[in-house]
Amino acid sequence: MQNFEETDVSQAILDGYYKKFSQALRSDVVIVGAGPSGMVAGWQLAKAGRKVVILEKRLSPGGGIWGGALGMNEVVVQESALAILTEAQVRYQPAGDLFTADAMELASALCLKAVQAGVIILNLVGAEDICVRAGKVNGVVANRAMLGDSLPIDPLVLSARAVIDATGHEAVLAQCLYRRGLIDDRSVVGEGPMDAPAGEQFVVENVQELFPGLWTTGMSVCATNGGPRMGPIFGGMLQSGMKVAQMIEAELGKA
Amino acid sequence: MQNFEETDVSQAILDGYYKKFSQALRSDVVIVGAGPSGMVAGWQLAKAGRKVVILEKRLSPGGGIWGGALGMNEVVVQESALAILTEAQVRYQPAGDLFTADAMELASALCLKAVQAGVIILNLVGAEDICVRAGKVNGVVANRAMLGDSLPIDPLVLSARAVIDATGHEAVLAQCLYRRGLIDDRSVVGEGPMDAPAGEQFVVENVQELFPGLWTTGMSVCATNGGPRMGPIFGGMLQSGMKVAQMIEAELGKA
Amino acid sequence: MQNFEETDVSQAILDGYYKKFSQALRSDVVIVGAGPSGMVAGWQLAKAGRKVVILEKRLSPGGGIWGGALGMNEVVVQESALAILTEAQVRYQPAGDLFTADAMELASALCLKAVQAGVIILNLVGAEDICVRAGKVNGVVANRAMLGDSLPIDPLVLSARAVIDATGHEAVLAQCLYRRGLIDDRSVVGEGPMDAPAGEQFVVENVQELFPGLWTTGMSVCATNGGPRMGPIFGGMLQSGMKVAQMIEAELGKA
Amino acid sequence: MQNFEETDVSQAILDGYYKKFSQALRSDVVIVGAGPSGMVAGWQLAKAGRKVVILEKRLSPGGGIWGGALGMNEVVVQESALAILTEAQVRYQPAGDLFTADAMELASALCLKAVQAGVIILNLVGAEDICVRAGKVNGVVANRAMLGDSLPIDPLVLSARAVIDATGHEAVLAQCLYRRGLIDDRSVVGEGPMDAPAGEQFVVENVQELFPGLWTTGMSVCATNGGPRMGPIFGGMLQSGMKVAQMIEAELGKA
Amino acid sequence: MQNFEETDVSQAILDGYYKKFSQALRSDVVIVGAGPSGMVAGWQLAKAGRKVVILEKRLSPGGGIWGGALGMNEVVVQESALAILTEAQVRYQPAGDLFTADAMELASALCLKAVQAGVIILNLVGAEDICVRAGKVNGVVANRAMLGDSLPIDPLVLSARAVIDATGHEAVLAQCLYRRGLIDDRSVVGEGPMDAPAGEQFVVENVQELFPGLWTTGMSVCATNGGPRMGPIFGGMLQSGMKVAQMIEAELGKA
Amino acid sequence: MQNFEETDVSQAILDGYYKKFSQALRSDVVIVGAGPSGMVAGWQLAKAGRKVVILEKRLSPGGGIWGGALGMNEVVVQESALAILTEAQVRYQPAGDLFTADAMELASALCLKAVQAGVIILNLVGAEDICVRAGKVNGVVANRAMLGDSLPIDPLVLSARAVIDATGHEAVLAQCLYRRGLIDDRSVVGEGPMDAPAGEQFVVENVQELFPGLWTTGMSVCATNGGPRMGPIFGGMLQSGMKVAQMIEAELGKA
Amino acid sequence: MQNFEETDVSQAILDGYYKKFSQALRSDVVIVGAGPSGMVAGWQLAKAGRKVVILEKRLSPGGGIWGGALGMNEVVVQESALAILTEAQVRYQPAGDLFTADAMELASALCLKAVQAGVIILNLVGAEDICVRAGKVNGVVANRAMLGDSLPIDPLVLSARAVIDATGHEAVLAQCLYRRGLIDDRSVVGEGPMDAPAGEQFVVENVQELFPGLWTTGMSVCATNGGPRMGPIFGGMLQSGMKVAQMIEAELGKA
Amino acid sequence: MQNFEETDVSQAILDGYYKKFSQALRSDVVIVGAGPSGMVAGWQLAKAGRKVVILEKRLSPGGGIWGGALGMNEVVVQESALAILTEAQVRYQPAGDLFTADAMELASALCLKAVQAGVIILNLVGAEDICVRAGKVNGVVANRAMLGDSLPIDPLVLSARAVIDATGHEAVLAQCLYRRGLIDDRSVVGEGPMDAPAGEQFVVENVQELFPGLWTTGMSVCATNGGPRMGPIFGGMLQSGMKVAQMIEAELGKA
């Protein structure tokens, strides 16, 4: 017979989560969205020694990776992104000039790498707004998924030196700024029709600090600049996450 | 400018998924449910050289791990299960006589271990019935999540030498047998009230071949034998998955 | 410029439907469910000169054919059912010892054959009960789909010399009798676990007059006798529809 | 006893669908929407030797035909469209200066003609966006119905030399272009009030290549040019499909 | 310019409803369900001088009358019920041996007759339980529709010397007694299959005091005694309401 | 034992409804919405000998009358509207300078008066668009409630010399014209804040022919001209219906 | 045995509510929304002798207080608001420079203080519009929650000398004015991004009479002036309610 | 300008809730349901020095009090319960032999009394099961409302020396025991029909320890013993809560 009380289990979880959430309140970088680019960005920034928090409104991280295309759980990457797969210890197979990987393997490996590099992932927590003080984004207004959506329940704030909008097509945080007239119309035009090769290039080249303190990565890069959609190829996503990490690391290093 | 066609991406995914699904049609072991015990069982059986398929009706594997307790994403394990964490390279911290681990880390590590050991995970695929021939379970009747629930769409079959019901409280496959009178009432009594230490022991000790060809692991062990619930402590789950793997390996080895 | 009034169009539809529905009120055979066996049964009985009505609660006939398995729109038949495909002018390809056909082709061809043989199909009309007089089923209680489900709206009756329950797993009409104790428990046990070869044989061999005036075909044969499920193979379905047509034709010929 | 395995059935379906879907990835013409004009267009283009794919988001093709008007399953056509009915072997009856046909017969006959002429119909697949490269539409971004709507699942692409928007009132593909400013406001004004004779003429006369590579047919002709609605008369729909087929055939023949 | 305040309107409604509801708290007869038999019963009892309250959970009284059959708003009555139509000043036309009336006319005329005879109709008020004291039903437990269903809101009670269950197929009040074992199994068997002539006779002949203080009328007569369904013919309904009124009047006259 | 067949009942309803609907296809006036002003308008026009059809999307006519205010089923009218109550034989009581009536009595009396004056009410039929030919509204595009909303089912047309938009706040038909630019912005501004005395006056004074062939009555008068809301006082509604009837009668008399 | 009748209970509730609602029809101040600022405003105005009514669409007052942040039921206040807590007899604890209180204690204490000071709270009653006469707001158009949302049921009016919009982010009443062009665009810009210290100051300083007769308090102050959000700190809310009470008291005192 | 950081607010809430929840894990008494009897029981036990936790699945405590009857927010109590109102400082008015109080006042006062006496109320936390060890209930299995209902998320445990089922009609905890055969059928018969005087007496007299460690109070007393319903009179509820507090206090005092 094992020898413990149910409340020992409850207490251990409560203590662990309290400590984790407390640490998450103030960090170097808060990333909203645990899809491929958000997780790569988090992983790389944590590897560089930054304190990183990822907020994910769903129960599990991974975003669009798990479903491949149409629910067929395979993903495609180009040669230029193989280095990231290799670093993440994800296996791949050639498919013509492209490469495929198992979607379950890629999603779980990126999550594991990020967490083991020190990223705090808070799942079931979504961003409902953004903090701006003195003309600079300095935090994210977050709420508990499903509670905050349907009941009058207040959010709380996680502050950071840099915030990344990795929310994909919706570009949730950019919309928060646009709605208040803080960024202009041309900055949130929505993504263009699909042109995958062009999109893959665009999503990496146009990573930027959209507004002081707010960076975009992945599909939110296209959504805020009218870049083309690219479909179920993930190389650009991964490289976009890598690039935003490098740019923020450079910026934080300056300070 | 990158140089590929969108249809190259489509084709690569279609080819990869077709090949994966074809292989999954006939295997040694089909496991229904990608929660903690199902994934440990799959991982261990694949490591032993068996061809293993896990069906998961949700988009992502991991079951109840991601949410910890009440959405606080920490999990608890006992000392007896630390070896499994260690083998999965999951970090843990002491908490009194117990240990805690990050839920995101455990869920993603188990998935990654299973897939890299060779398990095929088919997500968005649920079991809607079971195959019985000559008094023995020899396959699972599976359907596409969300399509098969609401439209008159036929399922297909994945056959296996052994089938594991890792569907948790619902014990979906056991219910399929019970409904037809193939197992008696005492076999599907539902789980008992919570008594975590007793439950942790029960879920390991009572792993069994419930019906020729059908094995239970995890909470479906309790659900089919009236064992106590145990709450957000995962040691028993992990060890139950380990045990069913060992028992099936022994059985398959005989044949 | 074309020369007609919108109300000419309205009037033509109203006239055509009124005439069709009026004819449908009294027929030789009412079939509930426009799936594969119901449509084959209707086609064959109409070909033999009987006045046949098929009620279908959905917008389109075809039942489970359109979706193949998991939405992959191919269907499988065995050699014994190729004659029916040939008569329906549906093309097929060998696949090992089995044969495949395009789901769209099979569904539309069966519908077209039935209608051109003289069957009246009333879609968006479901059966909510059955008529029994002097110990014999003599009609079906039908209602308009979506209206009758959610508003207090009365049904009407379509009478017939024979009624066929082709409603599949649910065996709707058989349940109406069972609920009133008019057929005993053993007659509505629900279908058994899947055993496709056994099921394919069962669904043809056990076609029967379940209660005076009420016949079963297709999956309702299994559902009312505990026969095995058979999955996305349609030979048995088609032959079951052929057989119930022959048995009813023989019966009606006697009278 | 029949002699086959359930997995033989599964394998045959998987093989058949994989082959069909692979062929569909690259075609001459992709038509979105399997309503009356889409199916006539597909049938005629396939008859002319073109490789044609129709995407349909619902389970069954046929669109608004099955329901006639208000669910009264009769349809009306004018004299000018009788030739198409005759070619499709659909029976009709005079009704004043107009003609009526059974809705079930027309829907199933058009589907059967299209498929037997070689059209690949992929049902449960909807268009969520469009591909544009070098100022020309060259494909459709498609997703699995019901999965892609509610889960973060990526689409894939089917490329073609010509794409037809046969999505009816919604003019889904035209909206994709309009939203990005690629076609101007006057091109997507929505359909006008009903004037059936005028509408019947408009829907045929205004078939056009709306944007390089994108053609409209059926109600999307009215929706993109402000043409009048026409109600449950199908002659214009059928002739519109015929006309777009002829125009595209002429265009493809040039290349 | 008219000369009144909005609150004068509010006050007048509040006063009128308060007075009406107060009077309704204690009456001779409470009828649950404002369908055809409930309204005839209320009308006749009020005409005889009794204080009568009808509770109707929907916004409008009339029950199944408005929809005729399948939403075709005509109803049928037999010769034996013409006297009631005549008294209600409802017009009818012969149809073979039967008679038809406009559904809108019958529903509104019965409502108007009942109200003008003095019946208080409380709409949007449903019965959720029954009051029993000293072995006799002496009231109905009522709640506000839509509020009481989904929020924890208490009901109130309307007491009466006699209560009529006119809730149709569901026999709501009879179920309240059956659930507590106050009436036996044979009393709530649910209605039988349809046999309209037999049902029309049954629903009149079997009107009864099911339990001291609780009477049934209309379809709840069939539902509590296993009588046959009768479909969209309303003669039996009307006569059943007439009969329960006569029986209760006789009973109350005794006291 | 009564002596009829269930199909006699079905046939009688089918015949009656077919005849009624056929007559409704071509009329003098089609009124959309069976609320207080629509029903008064219909009643008065039918009394004057016009052929009138009212379409009502809900199961029962009466609109907002049944619910009084907040579900308290009393309504208020002013002295100026008492003549209409008197003609409708509806009882009223003084309440200060105003008068109250029972909501059930008013709703059922108006419906009964309209039907007995010859109005055809088609319930469960809603307007989804409008017909315009040669710059004049000449009919309404109608569909079956609940079917036409959620399935791709075509509407049909009811033509008339005059059409009345009695759809209340939504002003459904006016919106159809506005959406196409056929009436200008100032014509559909939505109703203003509440000012009941002013609103009561406005809703009568501003009855108008909004567009050739299309008239407004009741709240759609306010909605199309920015008139004030007036709340649960029905005098203006009734008088507005009376006035539109007089204006149309004058207009039709001219022709 | 206790000695009362169920209808005595019903009568007592009916009498009490009738009396309360009648009194509420005409008051000095109607406040829409029973959140923290609305309840403080009501409490203070009632304490000053004004007749005050609060409308709350939910079942219970308290608004966002009960849920603290993310459902963690603690709230934070600053030193400047401690006087209000003290007056409300709510306990607090220091937390750095801030103070925390139990959410359940604050919500229930504010409600109790308001009611015991004489405020009438009508729960389950929401505002659907506003009354304006002679350029001044003079009442609120209210409806029963859940009934008025989904059925065509009329509202009624509660008049007052001053109306407070305490509906939070939505600023429901201000929107009613803005929609009619009665206040200009700059008055309803929605709240800005979060800046809690600035927001706490803004929500107090910018309390105003937005339009003659309509005052804002709490988050509707920010929503109508573009002030910053402030999150789960309630000091500003409480002080904003205090301030609007003082301003209205001053205004009413003048009259 | 105020001087604090948003994360100070977040931290204060996190700290406060963590401390509160930690304390709640181990208590003397856990009460499930914050309705009238649960809150009185909690208040009285805390006043006696016991450590008490109340779990409430909804956002706000108060249960059925807020809604009075049918949403009319008045409640009734008898003379025997006035002492409790007096102790809670709730005002009341005579109404015949009964007394009425404002529902808002009673609900908020009970909540405030409980909290200020030391009760910890955890809202948005529901009980999904019960803990039983060595034949005695020793805790409650709780989950986060809305998360635990729809996602696979584990609960945690709150242990106590005594547990009270104050869940009303549903008797949630008693059902957990009954489902496992730990209490017999007669113990969970559901409440009887309404007989308010008898019910008011029953709910006090039959308070009991239903199973070692599990007590019932309020409507769950009736539900587990077949006692009569009593409707919107709250005296029995309050006295039942008082009594269970006294009985448990006596029991805990013994230990």
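As written, the chains take the letters A, B, C, D, E, F, G and H, and residue 1 is the first residue of each chain.
Operating definition for what follows: a residue touches a chain if its C-beta (ideal position, glycine included) is under 8 Å from a C-beta of that chain, and two chains touch if they have at least 3 such contacts.
Since the model is a prediction, treat every value here as computed from it, not as a measurement.
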Equivalent of B-D within the choices C-F, F-G or G-H, defined by over half of its residue contact pairs recurring: C-F
Looking at where chain G touches chain H, is over half of the residue numbers used by both copies, so same, or under half, so different? same
Distance in whole angstrom between the CA centres of chain E and chain F is 28
Round to the nearest whole Å and give the separation of the Cα centres of chain D and chain E. 52
Centroid of chain E to centroid of chain G, CA atoms only: how many Å? 43
Distance between chain centroids, defined by C-alpha means - chain B, chain E (Å): 55
Identify all positions of chain B at which a residue touches two or more other chains, and write them in rising order. 5-6, 9-11, 13-15, 59, 67-69, 71, 124, 131, 139, 144, 147, 151-153, 156-157, 194, 196, 198, 231-232
In contact, pair by pair, are chains A-B, A-D, A-G, A-H, B-C, B-D, B-H, C-D, C-E, C-F, D-F, E-F, E-G, E-H, F-G, G-H
Under the definition above, what is the set of chain G residues touching chain H in their complex? 1-6, 8-17, 20, 59-62, 66-69, 71-76, 78, 80, 91, 93, 95-98, 100, 102, 104-105, 107-109, 111-112, 115-116, 121-124, 144, 194, 196-198, 200-201, 231-233
Any idea which chain D residues touch chain A in the complex? 125, 129-133, 139, 141-144, 147-148, 151-157, 176-177, 179-180, 182
Per the contact definition, I'd like the list of chain B residues that touch chain D in the complex. 5-7, 9-11, 13-15, 18, 21-22, 25-26, 59, 124, 131, 139, 144-147, 150-153, 156-159
Chain H partner contacts - residues on chain B that touch it in the complex: 35, 58, 63-64, 67-71, 168, 190, 192-196, 198, 226, 228-229, 231-232
